[in-house]
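Note that the chains are named A, B, C, D and E in the order they appear, and that numbering of residues resets to 1 at the start of each chain.
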Amino acid sequence: MLLAQILTNGVLLGGLYGLMALGMALVWGVLNIVNLAHGAMIMLGGYAVYYLFAGLGVDPFLALPIATLGMFVFGYLLQRFVLNLVVRSAMLNTLLITFGLNVVITYLAQLAFSADFRTINPGYAGSNIAVFGITVPLVNFAAFAIAIVLAGAIWLLLNKMPLGRAIRATSQNLIAARLYGVNPRQLYAVTFGIGAALAGAAGGLYGTIAHLTPYIGASLTAKSFVIAIIGGLSNPFGVILGGIFVGVAESLTALYFGPTYSDVISFGLLVVVLIVRPARALRTA
Amino acid sequence: MRPLPLAIAAVVVVLLVFVPWLASDVMMQFAIDALLLAVLAQAWNILGGFTGYVSFGNSVFYGLGTYGAAIAMAQFHLPFWVGILLGIVLAVLCALLIGIPILRLRGPYFAIATLGLAAAMGAIVSNLPIAGSNIGLVLPLIRADTMFYELSLGLLVLCTLTVLWVSKSRFGMGLVAIREDEDAAGTMGINTTVFKIVALVLSALFTAVAGSIHAYWISFIDPASAFDPTLNVRMVIMAVFGGPGTVFGPLVGSFILSAIYEYLASSISTAAALLFGIVIVLAVIFMPRGLANMIGGVRARGPRYFLQNIRENRL
Amino acid sequence: MRHSMTALGALALLAASTSLASAEDTIKLGASVQLTGPSANTGRYYRDAYQMMVDKINAAGGVKVGDKSYKLQLDILDNQSDVNLSVRQYVQLVSSDKVNFLLGPFASNFALNDSSVAEKYQVPMVQGGGASTEIYTRGYKYIFGTLPPADDYYASTIDMLQKLDPAPKTVALVAADDSFDVSVAKGTRKLLKEAGMTVAIDQAFRDGAGEFASILSQIKSAGVDAILWSGHETDALNFIRQMKSLNVDPKTFYSFTVGVPTADFRSALGGDANYAFGMTSWLPDESLKDKWYGDASQFAKAYSDKYGYQPDYHAASGAADLETFVYAIEKAGSLDPKAVRDAIAKSDFDSLYAHIKYGENGQIVLPQIVVQIQDGKLVPVYTDKILNKPQYPIPAWGKRG
Amino acid sequence: MSAPGENAAGATTRIPILQAEGITKRFSGLVSVNRVSFEMYENEILGLIGPNGAGKTTLVNMISGTLKPSDGELRFEGQPIDALPPYQRAHLGICRTFQVMKPFPGMSVLENVTVGALFGRGGEKVMAKARRSAREWIDFTGLSHRVDARADSLGGPDRKRLEFAKALAMEPKLLLLDEVMAGLNAVEVEEVIELIKKMRERGVTILVIEHVIKAIRSLSDRVLVLHHGEKIAEGDPAAVLEDPRVVEAYLGRRRQ
Amino acid sequence: MSETLLRIEKLSAGYGPVPVLFDVDLTVGRGEIVALVGSNGAGKTTLLRAVSRVIKAEGTLEFDGADLLPLPPEAAFMRGLVQVPEGRQLFGKMTVEENLRMGAFRRKDKSGLNESFERVYELFPRLKERRRQLAGNMSGGEQQMCAMGRALMAAPKLLLIDEMSLGLAPVVVDQLLEVLTDIRSQGVTVLLVEQDVFAAFSVADRGYVMETGRVVGEGSIAELQNDPAVREAYLGA
């Protein structure tokens, strides 16, 4: 029973992890940018939902789409006017610039939101139901479900809609895509915007489960990064599965070795995946 | 490197030796810190600048150097130099052990794997009782900033001389060839595996000694500070800012960035990190190939150099 | 090369600009605290408390050394939650800003590093932000602290538990893996053993990870009587939220080393904060008299009027650091660091924080007051006797109104 | 420098310097080179030709060691070399140029060539000496005026010269030239032909992959034709180029 | 010759400091099929890349009366200049149908789209059978069909086809050539770059011969059929 509970915890948490990584994987796969400011964008999404909830009294789950939209605009502008300037530069340079952006966003957030920690805590926050003796927290379950739904939406977008096809086409062959009328500046900005929107959604959900401070970004970036590699960059459901895999692995590590080993396990996994199958790990969409 | 710049460099080093008798204590703090950071950037340069293998895992070697000194001195009450040796041994062993599988990965894969290792290593050490677990280790307190300064300066000179040697040697030619085109380097007779590993080991060695000196100087260490992942990013930024693959670029880059950071931190405290972030963003946009390249470029082409960089890298 | 010369020039300039001329009739106190970065949330308590006390003391005429009156001057630097920078800033304070005495930063790891500066330069530092035992076991002479030892944090709680009915038998001990909380866990284990309680679950978690589902599931499955938790505030917050959402109910009791006394914590959790036990070395109580504010409750009122948030024990502890210096300087009748240091060691006075008296190692000994959130209000429950009736046993999540 | 063989062309009875037997390369099911066997003799120039996609570069990659054959055996001076990594083959004296010119772009011309002198068969350990011999090869290939230029700033013909100088500095026994004439004008092609001849005079055995058939005609002692990965003809250049199978491979079938 | 659709004069281009094309002159009239032949490395592909604006070029480049030189590739495409690139450059991890849809990515007319689909499937029944297959997993001939189908979906004014026959079996080449005449009959202009001279000549109206970055021969197919320059460009004599 304990094991079943722990697995459930891992799966539910993993779904949210997967959603966090989804935006990073998309941007990485299509634009070849490893966005070190991804965690900071998750944080921004969290604060957006928090202020809508705490300030205007909007229910967090209604605030979520608003925050997501806002983050899309933010991401679009960031790519269009900043990152597009360096996108063909060496990977090291794109890493450095997103690191710089991460610092900038974090400190602006501290100025705007203060260092106080916040939680998005609606009345139903701690509710749960018992299924066959396993406690399922409702908010976590909702976050998990939304993660799956969003992954599904991204899958639909990528596979069934012209825009998504253009995104995939661009990630496979930029020149051929341009030869067929794709405007990469626009498309890159839209893709980054979608990545930011997904980060925003993940942030809103994260805030309903954990706490927000301007500084939560760094560790969330690291987590997203590991999951993006383990889950692969190609399939949204692959990323979610990667998140679930990491979530379960962490839960089991916590159970059998103690929670202090969870980083050893997840980063160890990352290195092993890379060494054993580097090609598979980073195959793009 | 022509004789004149070398002579200037030699004079500067001799002048720097006397800094402790002139500088204030604060300057000394800053200087030791800046020198050690410069060592880190320079050591990173051996691998990252010359072979083009971007390591985000040098904090592992730094941490091992730190803990080598701390374990020797705090747990076994051995002298400092034994601590340095222990740090070197740990770091070199680690470099050999992880270098063989990891240096087979190319480009971003290598960078990512080292990042993963850095994160995992901090977590491993914080579970080791001999390393004081999470509490950390307390080293004997000594007020000897002059010694720490001269040690750091000596280490930086040694490291820079090594880089100078690398830049002029057969070994260095091989490394640069690997950076420029690893496949072509192989067909031209370079045993790329051995060259890369030697470069990694050299890089690890200097990084570890810097860690040991820092540990004794600061006198208290814990896993969070010894395996600080942001340190990796700082080394890379400093080296890249100055000009990777050059002899003096990483030095100049790290001194300038240290100075900027220190200036911001002491005068406009609260916005310091923000401004620092903006500096990084602007640097990547306008001088993506580092200071060394920028100086040459601006001299040749004036302000058009910056526009050209943007034109080359934008979509 | 030319450019490295420019850099050196810049450095020289920098050094020159940081040394300021010091006025003659002031006593300078220096501190480097976390005003930005991850620890800024707590760091501000220290800046604000130091500033409040300095203003109050100056308004009351300052410090008398012999016949002369001195005003206090406070030099605060922002270490941006960066340990290396904080060390450098303390050196700057001591060597170039020429402060007379040092006040501390927040958190044990900072205090551990920064106190080395005080010791190297033999300038007394009184700090109220680090409780870790390691700070005081190094034989340093110039470091004093107003937070009680980490090992003893749970002493009064365990004392109380034995007097309650039903007294818990099995305990889950959950602590973060940073140096302070490892110290707490170590001390608590010993206390529990002495009290005859069984530690059924003993888990460390990664500081700041905020993820407790596994530990909580184990606790639930083991069915313990009580949870004793130690860590940082944000983690405490997450722990409670996850307790509720995973429906984890110890039979009788749970308690946290931090968080419970702060207003932030209560407002972030809302009703879920109710029943949580915690501890504090200080409460804004009228019984704590001092010569500046009269008593602790007036201090608390002035503080929240001025800064817009409630002070907690961090703030009071910081205020006590300043009171210590004023007391010791006047006692020593001199600004000589050595003389003041000796006077601090012999401190024996009432402050708005507590009765100040440092032990051999430089750390204050102070019982923790057990507190509980009852109906959204913070209620002191126990010191060495019951102060207010605890709501005990804590009702299960499902059975609350 | 080793003495050139006593007689260059014509003599095909000597010991082969390179033997390829049934060399095959498959890429995920597709056969790129199919059971190709041939021999090269000391100091000869062998032209390797064939239309686009015939498998020429793949074959060269297998000889230089950057690709492993799926099947077959390679011997160099009688020794099997299949197990050797590229750098060891270079030490034996197998040296190649690349179809897409691969100078080390950020290094100067001198540095590029010095790498060859340091790590090739000569394996010069002393930097100064390596530099000196690099300069000699730079003079030899007529690139002296660009000694300090960055390799990626060179124009077409100079790039080829650099490629030759790099290769020569390695003191190769067997030189594999992959399309070194592409993009050159007629005068430049003549220069390169002269260079290749000069190299042969220094005793190097040369395999030339080329699309500029004029050059092949005037250079090669023998010609080997690949089409769809298979050897379709081998022998005297003039005869081979008249072979209707070869003509069809190049120009396609005449249609009505 | 009919009205000029594509006009190239004194066009030079290259990769970085390496020049490949020297002063190339070439025109394509509306409704024509023009063949551009020459051996490997002659600069044919570079010319196409310059025309479709993938690489920088200098000289005159006009399409349908407009100057193309300042445009990026996607803008050239929007004017009706569609390329079937060398090596097909399909989106390998997308299905045949998705590749075709990518061809019509910028088209707004939904009804015309279905028509185009039908027409492509009619021209290449093979593609219809395989429309759910990943383009990367098909044979060379099928890939070439897919690449041409993708281009047709864009409703091109001028179709640039690079090395259509490369690596394909003769039967398949013949099939594709038939499709070309078919396409032309429907009003599409074609510039066909080929190594296979006789394949190209069998469908073209006029032709150009390139050697080492220059045009060395041009004329009607009848003239070129017996021009020794052609053979010389390939076999050197």
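Convention: a residue touches a chain if its C-beta (ideal position, glycine included) is under 8 Å from a C-beta of that chain, and two chains touch if they have at least 3 such contacts.
A quick note: this is a predicted structure, and the numbers were derived from the prediction, not measured.
When the partners of subunit B are compared with those of subunit D, no chain appears in both lists. Minimum number of contact steps separating subunit D from subunit E: 1. When chain centres are defined as mean Cα coordinates, E lies farthest from subunit B.
Subunit A and subunit D, compared by their mean Cα positions, are separated by 51 Å. Computed from the mean C-alpha positions, the centre of subunit A lies at a distance of 42 Å from the centre of subunit E. Distance from the subunit A centre to the subunit B centre is 31 Å, each centre being the mean of its Cα atoms.
Centroids of subunit C and subunit D (each the mean of its C-alpha atoms) stand 75 Å apart. Multi-chain contact residues of subunit C, defined as those touching 2 or more other chains: 36-37, 177, 204, 206.
In subunit A, the positions touching at least two other chains are 107, 184, 260, 262-263.
Multi-chain contact residues, meaning those touching two or more other chains, do not occur anywhere in subunit D. Pairwise chain contacts in this structure: A-B, A-C, A-E, B-C, B-D, D-E. On the subunit A side of its complex with subunit E, the touching residues are 162, 165-166, 168-169, 172-173, 175-184, 234, 285.
Subunit E contributes residues 52, 54, 72-74, 77-78, 82-83, 85, 89-94, 98, 101-103, 105-106, 150, 154 to its touches with subunit A in the complex. The touching residues of subunit B, counted against subunit C in their complex, run 5, 8-9, 12, 23-31, 33-34, 123, 126, 133-136, 138, 141, 143, 218-220, 222, 224-225, 248, 251-252, 255-256, 259, 262-263, 265-267, 269-270, 272-273, 291, 295.
On subunit C, the positions that touch subunit B within their shared complex are 1, 3-5, 7-8, 10-11, 14-15, 17-19, 35-37, 77-78, 80, 83-85, 87-89, 91-92, 94-96, 109, 112-113, 116, 119-121, 132, 134, 138, 140, 177-179, 182-183, 204, 206-207.
Those residues of subunit E whose C-beta lies close enough to touch subunit D in the complex are 14, 16-20, 22, 39-41, 43, 163, 165-167, 170, 173, 195-199, 201-202, 212-213, 230-231, 234-237.
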